[in-house]
Amino acid sequence: MKNTKNKARILIDCTDAKGLVYLVSKIFFQRGLNIDNNQEFVDKESGKFFMRTVVSGDFNANDLKTELGRVLPSHANLKLVIPKKKKIVLLVTKESHALGDILIRHSAGELDATIQAVIGNHKTLEELVSRFDIPFYFVSAQGITRSEHERLIMDAINHYHFDFLVLAKYMRILTENFVSCYDKKIINIHHSFLPAFIGANPYKQAFERGVKIIGATAHFVTSDLDEGPIIAQNIIPVNHRFDWRDMQRAGRDVEKSVLSRALSLVLNDRVFIHENKTVVF
Amino acid sequence: MKNTKNKARILIDCTDAKGLVYLVSKIFFQRGLNIDNNQEFVDKESGKFFMRTVVSGDFNANDLKTELGRVLPSHANLKLVIPKKKKIVLLVTKESHALGDILIRHSAGELDATIQAVIGNHKTLEELVSRFDIPFYFVSAQGITRSEHERLIMDAINHYHFDFLVLAKYMRILTENFVSCYDKKIINIHHSFLPAFIGANPYKQAFERGVKIIGATAHFVTSDLDEGPIIAQNIIPVNHRFDWRDMQRAGRDVEKSVLSRALSLVLNDRVFIHENKTVVF
Amino acid sequence: MKNTKNKARILIDCTDAKGLVYLVSKIFFQRGLNIDNNQEFVDKESGKFFMRTVVSGDFNANDLKTELGRVLPSHANLKLVIPKKKKIVLLVTKESHALGDILIRHSAGELDATIQAVIGNHKTLEELVSRFDIPFYFVSAQGITRSEHERLIMDAINHYHFDFLVLAKYMRILTENFVSCYDKKIINIHHSFLPAFIGANPYKQAFERGVKIIGATAHFVTSDLDEGPIIAQNIIPVNHRFDWRDMQRAGRDVEKSVLSRALSLVLNDRVFIHENKTVVF
Amino acid sequence: MKNTKNKARILIDCTDAKGLVYLVSKIFFQRGLNIDNNQEFVDKESGKFFMRTVVSGDFNANDLKTELGRVLPSHANLKLVIPKKKKIVLLVTKESHALGDILIRHSAGELDATIQAVIGNHKTLEELVSRFDIPFYFVSAQGITRSEHERLIMDAINHYHFDFLVLAKYMRILTENFVSCYDKKIINIHHSFLPAFIGANPYKQAFERGVKIIGATAHFVTSDLDEGPIIAQNIIPVNHRFDWRDMQRAGRDVEKSVLSRALSLVLNDRVFIHENKTVVF
């Protein structure tokens, strides 16, 4: 893999130590690479170091990675990514707004990903997806157990090599078993400003509580429901004139923009997961 | 009480029925009053009607109120308020930002209230308050029970006639007994986007959860801690670079602006309390 | 036109006078109609009164309108609208985000309008529009005058009866003549926070100026370029890391959400135009 | 100047070149210094490199600066700042909100600056300033030329050594001559979302234009009125119910928070000025 005047995103996280920036930047300098972008962060509490550098120039990716690995502590996580479109699979239920926003971006070439397929536990969105010539799989959950249903979904999606599985308003809870098969690869949009209104029907909960602001949260899915690392959040004001369906309607615009923002961040390798949090450069 | 070319704020809430607007506006028309401002709302779920009207003209307040009462259902809540500065008492602990913002507005004549006194369970803010020639009472909670402490506070504040008791970062929990003595009169600023992070040290909780937005909530205090009717909320974005003290610092600006916004609303009689929610015109 | 248990939106604007609310609400009361929603506003400067009421019940629309007209000043503007989907035509150029957002809402039944047709001065968006089985007309501006081009567009759109002509990132300036043919019917999304950066390439202007926030403005189109009544605006923060193309990219999400918000307002008859401003209920 | 376990903020800007990060971080490594924080940015258009690093450890500031200067291009701007409270002087007119917010922060020890003095061209704010035991100088502009007035102000402030001159709603235009005496040291809060509504009474202008959002802008003052490098901006929504005085009132909260935010950034050496823009780390 020889790249002439190419770019690489280099992601490092490890225990903080003196000289890390020096040791890494020395390699870039000696190889004559440009640093197009560089961000670092040290988490004081855990003493962990995070670095994301975009370099450009003439390099062999494997060699560069090997050399970087040599100067880093042995426990360090090191990724060298050559920027290109990633692959994603979407899980949906009935609501079209989050899916639709992603389809439009995809169709305009603005999404840094190729949508491999869309899986729905209802047929509702089949027509919309087919308008964009993207495979849609209807995997009904009727009359079968949750595990059986997930097994069928896995059968459908495991055809594809994908980087991320995006829950674009997929309204079923995933089992720990399913989640563990796609560790740090599942991204969900939750229709509340987490950790407020965990669980079912957050808009009804928000309405009952009489809040003046509602929100949405994009996060990685872990085995703890609604407790995974948060990638992005946003809100909009509401008032007493909003019943819970109005809140739901208003919330859709936030949901779709937060999910798209989070997707853009992960697709550009800007997100580190650190325990139950994210570092977003 | 005869007012020439005066103003009144009329607040009505009752079970919705046909003709309420007609019956009320008829009285204004027959008396030759101007409607400067009028807002209505019907809560569909509870079937309750809310109306706030500002009228101006030549009227006798008692007569007008009596006449309005005659056309409204017997259970209706009816308030007729002649606009003037209300009276408030503040409870504080050690943090100066919310108090300071109120003192500056007060000093500039921008607060629609007169500050009667400030009570602190610490001496920290005495100097700041005394700069503005406002009485400060230090009521220590050291070595006494919560009830005894509240009894001392009540002794201090019951000298004053006040419309609202404002908890400007008062960091102690009030007992049900105390709260019940000042029903719908206590306003608190909670340092989180309720109902997220109920309870102690919300910023630490927010930091632990890795949220990307923090907020503040101004609400009426009821016997359920942090569960009273919300008046106003706002947020600011944060990121991984914020430790919990940074969040606390950033949160102060939101806290003080949300509290001041809520105060302005209640001081202008714009807030109806309806069960555990507010209607804000 | 006899409506049983139907709804009407009644929009009134006229010079303010005592008794307007009384006279109007009296008619509703006498006819046994419910007021579902009522908002009023008096513009102090111009002395103008605005009222939007949603009534429900058993009424004949023509009779009701006639009766209302009888009690209002002769110069009053009075509209009685039976809620139903309006008809719109879209003008586009090459960018898909605003169009795409409207298409997705339309396809989900969330837009209170039927899209009659899309006109493009480039072919770029034909494929996207055709995915949704909506007529697309390519009207090239190549080699002809602005007036000739507009004549061809008018030929294409005048087939249709439409309530609003939506410029969903239509990147050509319309002549005074064209605009005057569709008075108060043309809605544009401008890619800046007007009145900042009037004219061409606002994102480049914003970048050159080093702003920390960019925005978008939806407005009615009048003969004064970028000077028509503003319906809705919103913003997002940017920073020194954004070059003008990044600003443009970031701006797209604001543009589409502001346009959709403005559309929703006008389609629900919530917007009064008053000289060069709007009153939005 | 020998600092044991001390901190320094190092600010570098120069033409971009390969190896800058390496050369600088090498010095930190060789001296055994910790990098607590490090941010870099390359402005693609101008090819300029910006770096802000916070290091801690055992170092002699002069030696460190000399050594850094040796590896940087000769034209590089290099600052090494030992964090401590800076000194500021405030210019005010009649409005108390921006001044008051700064006084409260100062009094709470939350401002990374010492207020040396406040100069007013009116006496209005003398009482407020004196409450905080800070010198207030009344410098009337009555009956004298602008230059004479500025000469008197300079006489008053040149007693003090100050890092920044803060215009906390100082409502007079400064001459080019005055501005040139305090290059990159004068910070202003402008009561609009620049570049919208340059010039006098932005709130009236905003009201006339019928905007739905108003804002405030903190910027360095240069000889071009309202055209200096922007440090921070923020906005709040308004609507047709706001007359221009309501907008002014609502704007005050944004003004004071934007000015305080900008102050915090410059006092922490987070702001580079680059031509007519800022890079804010």
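Going by the order they are written in, the chains are A, B, C and D; count residues from 1 in each one.
To be clear about the criterion, contacts are C-beta pairs under 8 Å (C-beta built on N, C-alpha and C of every residue); 3 or more make two chains touch, one makes a residue touch a chain.
Given the structure is predicted, the values throughout are model-derived calculations rather than measurements.
The most distant chain from subunit C is D, comparing centres defined as mean Cα coordinates. Copies subunit A and subunit D of the same chain sequence form an interface built mainly from equivalent positions, shared numbers / all numbers used being over half. In whole angstrom, the spacing between the mean C-alpha positions of subunit A and subunit C is 35.
In subunit B, there is no position where the chain touches two or more neighbouring chains simultaneously. Per the touch definition, subunit B reaches subunit D in the complex via residues 96-97, 100-101, 103-105, 107-108, 110, 128, 131-132, 249, 253, 257, 260. Taken together, the subunit C residues at the contact with subunit D in this complex read 41, 43-45, 193-197, 209-213, 215, 229-235, 239-241, 243, 276-280.
If you check the complex, the residues on subunit A that touch subunit D are 18-19, 21-23, 25-26, 28-29, 32-40, 42.
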